[in-house]
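Below: the structure, in structure tokens.
Order as written gives the chain letters A, B, C, D and E; numbering starts at 1 within each chain.
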């Protein structure tokens, strides 16, 4: 499906607005949209709303064999799914340029920055390590997916707990959460991506572009940074030329934004921890905005069970009685059987004939045998190929070279070669 | 992590029990009579069973069984081409697809089409194309699908025969039938229509070794496809081709007969249905 | 049925809800000279001897006998005679292809503009906005747009859009904006003077004296879909008094 | 059964054509509404497979080949083996299927067969364990349609059941010294078949008429399809109706009754064919 | 066997729905049953690919996105169930040669997932304003080891159950549109579960009506 095209007046208007330092939703140049972080019922499940952009991250783990060159390290795997739900332009199962870009950037941001202690994920050196998988699903695309993805991924990793394992000898036991408390990952720092979009060859700059702003931008600069102001990755795209000062200014802005966002994440994690400790319900059901008129919730309700069993009984008893006998199948030759008199199939057009004049068939086979023998003689003399069947009706066509030790049983099996893929094999045993 | 998400998945790795046999498998002798009693160095092909028009949904179909090699072929079309480029406007397109059922070989195969299958499909295509009057089917394509149900050697040769039979059954105009035959050369001696074991267990040391498959148009007396693997002297190769042609001529009456009876069967106009 | 339908006007109905023709209908046949006919608008369908609701929304009625379901749908389905805002996507030969947010693009002949002849082609570029009317719109044919009315006049239609902003609202809101004495429109008029083009396909174009004002109107309209009249008036009041 | 005197042209108005027969309580191929096509079973035809069966229901032809391989058990299920069923609908079997990876119908069929195996417990995966926590069998049950004329699911279940009954696994001993498995091809054992699930598929025409064992034409014109799988004890293993027009409980009951009879018919067929091979040896 | 009824297990967990929560799709809804939740988005009627075009009706595609990993054969089978159910209730012939896409994203699976898919799908289709002849809802029933029926089971209850059945029930006649089962069960148990699901469906349809009413409460 195609995205709605952008019309000229929209483009002109947006660029003019940016010149006047105005944005569609009334933000200032360096403002982020409202960031909302919520958690699912599971550990390691996190939703991030960035204005109308919405993504979900889920962390999962699995015991696998480590990579050969790193026998003592766990494996990190990232997958950003551009679900068609997020935008009509996204197609399922197709690796688009955007999805490659997002996946790369997330890997650079979280794996290459070594923010996670992968050595602590080793269970048995060289044999079993934890593979941590981060799936990030786009739910609604209203621009700046990357920042939303990076916030969701790192928050989900912080929130995640893996099961505890015990090692006795070479036996590895994975404990359920009831047996032993699951263990959080050890995370050194939290890199967060901040995106800047540039307009008019870099003259104007906006933080956190929305979808329409992204469509008119000239270039994009993504800076991944942690709260210690360490830059984890810088990526510019769109082919714009940036001055050193511009990059420096962006990194300064990024450091402010990153510390704000980090604080927000920590607060969200803290709140969730409290809620879980208090034993309150948490997760998606709780995060549903009940004040909205588009939302409604209903408490646990009992289903009325009056006359349910009566009704079931009635239907079962009314049912027709089953016939006492079922037709007996016909087994013309070992390994083949047939039941039913419905229409015949194209595979056995002459099976009906077979049944009707099976005696004849037998005779035919006998004659065939004889013919075969005589032909065998012929063949041994002349080495020529002769078709056995002279009957007009006979379908089986056999090229029969010399085979003196053929038993009658063998011929028997050829007769049902009419049923394709016959059971010749048995006779060979 | 590329995984096949469109099939039910089993364990990551599994191995055939034949790798753990307590007794080593019997190695075929490279001289003397063959395992199935046929003669070496003679045009001794396996008995074949052929049948046309089995598949109700296909325009034309054929089934062939030679020894334990069982394969079937369905032909669909001519129908409108999916890809439209210049060449198709005047001349029809022939597509071939040859596959092995996962259970068709001693070792379980994958569902995903491998290089060997693609190679065979191509070879099949090249062998059939000269025989089909494609200029009679402009802007259309004819699809040939071959499925190997059991591989007991010489699959390509039999696939060619089976496919040409199915094309004929589909009523596609052809210059001639195409028949396939293959030989396995092993030093000085050779075997015609080799079985799977004979194909795979050839002795490594000796020279002049290889496998040859010939696609042959019997009434035109022309060769439409030739594939040879391994190393053979020029003399052996020409002799081999001659042997294969001889083998094809042995098959010819059987194929003709099968086709004739299928035509005869179709001759009375089908009642109602 | 007429009476049962009338009873339900203003109520929320769901797909599958039914009204049957019989009962009072037979009576009406005998009592009245003309049998009451019901004209079904969007969301209502006739199925055999019943009238079935096929969209969720509020049942509306217009004298004498028009009934339809008003919903907050977003995707537009073209109907003949409706005017829409389209975006020109392709210029090919004698026709333009126009995206109007439906399931396929509509065609717009270059002759379907006021004063256009074979020599005098209208100046239309890819990416331009057109305000046009459906001349052909049914499920089995390619929709066709024109920018002239039956007498060949532009009547407000044609290429437009310099300096304004285009945005999307729900189809329900568009219909409310276009009703003869629209409250939302009059509320808006009290706020700022502005140019407003409203397409039945949910697209609205606005141009005001400043970019700031255009943006405010955009945001106000987009949020008024889920507000009651009083909530909306309060909001407009606040904006008016606010430090702008 | 005589076709009605006025018959709609089949290709122009296929639905009307079929309706004209259904009005007379019969079908275009002369069957009654609740009549199956002739069902043929042929076992052990593929020598390269450990077990195989070819099933024909009318024109519909399905082949199932079973290959057993050895693999390690997992940490989560140390005492279980694997059954991996896959259904393929290759372009060979009908012009409606395109080459390439399996489409939705083939994938849904694979999942359905996997569900039937699990629900009916035709084979218990515990039986496939050779040594707990170490080695087990994996049975690859590859089912392929060779001619698609409707009702493949029923044919697939029969083919699978017969192929499983035809399967023989060689004896495997784990050598205590080298701790590698040793396979003895001379000693082979049949699988233990716990249940005999058999399916019966139906089509709904015009929201109300039920027909059994639909052809591909009937399938494409119907408004709903359903498959009922029962075992020899009359228990249901699956009531699979992936959507379509709705049916009341009474109609479903009719289908179940028909399916129960069908189960007995087919079990008898399978048993008889399996026995015929045993006695022939 | 007869005491099956009246037990406290025959309840629906608390459930909720939010419509129109996403800005991009033409229709969207999230549906929650206990902790199980699904988000649905609908696009269409929109442009259709030539290869998928059907001349007399709209082409409906259903995509189920699991939370972890890529969709597999299991999701494909669920997609088929949801798609064919939607196809039966949608009036697809009103939009020939166009495409409808329904995307279902699992947010959390705590049992009765397939029924939650169906409910979310129905609410999203309604939100998109697509013409439908009737509504549908999903109900899952489990039969535990003692033969007791549990409606709307949690994941833990599903795991312990002997049989599991999910039905889609239509809103006009309360008949069975879709059925998907696991495990083995008797005919009587099946009929009981159908009857229970029909009863439960009334609650869900009432909920549909209440939430749509609430939604339009400001424009009445």
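Convention: contacts are C-beta pairs under 8 Å (C-beta built on N, C-alpha and C of every residue); 3 or more make two chains touch, one makes a residue touch a chain.
Protein identities per chain, from UniProt: A = Exosome complex component RRP45; B = Exosome complex component MTR3; C = Exosome complex component RRP40; D = Ribosomal RNA-processing protein 43; E = Exosome complex component RRP46.
Bear in mind that the values here come from a model prediction, so they are computed numbers and not experimental data.
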Taking each chain's centre as the mean of its Cα atoms, which chain lies farthest from chain D?
C
Return the chain pair with more inter-chain C-beta contacts, choosing between A-E and B-E.
A-E
What is the chain whose Cα centroid lies farthest from the Cα centroid of chain B?
C
As a quick test, compute the distance in whole Å between the mean CA positions of chain A and chain D.
27
Centre distance in Å when chain A and chain B are each reduced to the mean of their C-alpha atoms:
37
Two or more other chains in contact with one residue: find those residues in chain C.
226
Return the residues of chain A touching two or more other chains; collapse runs of consecutive numbers into ranges.
292-294, 311-312, 315-316, 319, 345-347, 420-422, 424-425
Two or more partner chains touched - positions in chain D:
29, 45-47, 59, 61, 63, 107, 110-111, 114, 147, 149, 249, 253, 256
Please name which positions on chain D make contact with chain A in the complex.
29-31, 35-47, 54, 56, 58-61, 63, 75-76, 147, 149, 213, 249-250, 253-254, 256-257, 260-261, 264-266, 268-270, 272-273, 276-277, 279-281
Mind pulling up the chain A residues that touch chain C in the complex?
4-13, 16-17, 20, 22, 24-26, 292-294
Which stretch or stretches of chain A touch chain D in the complex?
63, 172, 174, 311-312, 315-316, 318-320, 322-323, 326-329, 331, 333-348, 351, 416, 419-426, 428-429
Residues on chain E engaged by chain D in the complex (per definition of touch):
73-74, 76-77, 79-88, 163, 165, 168-170, 173, 175-187, 190-191, 194-195
Contacts from chain B onto chain E in the complex sit at residues 3, 5-9
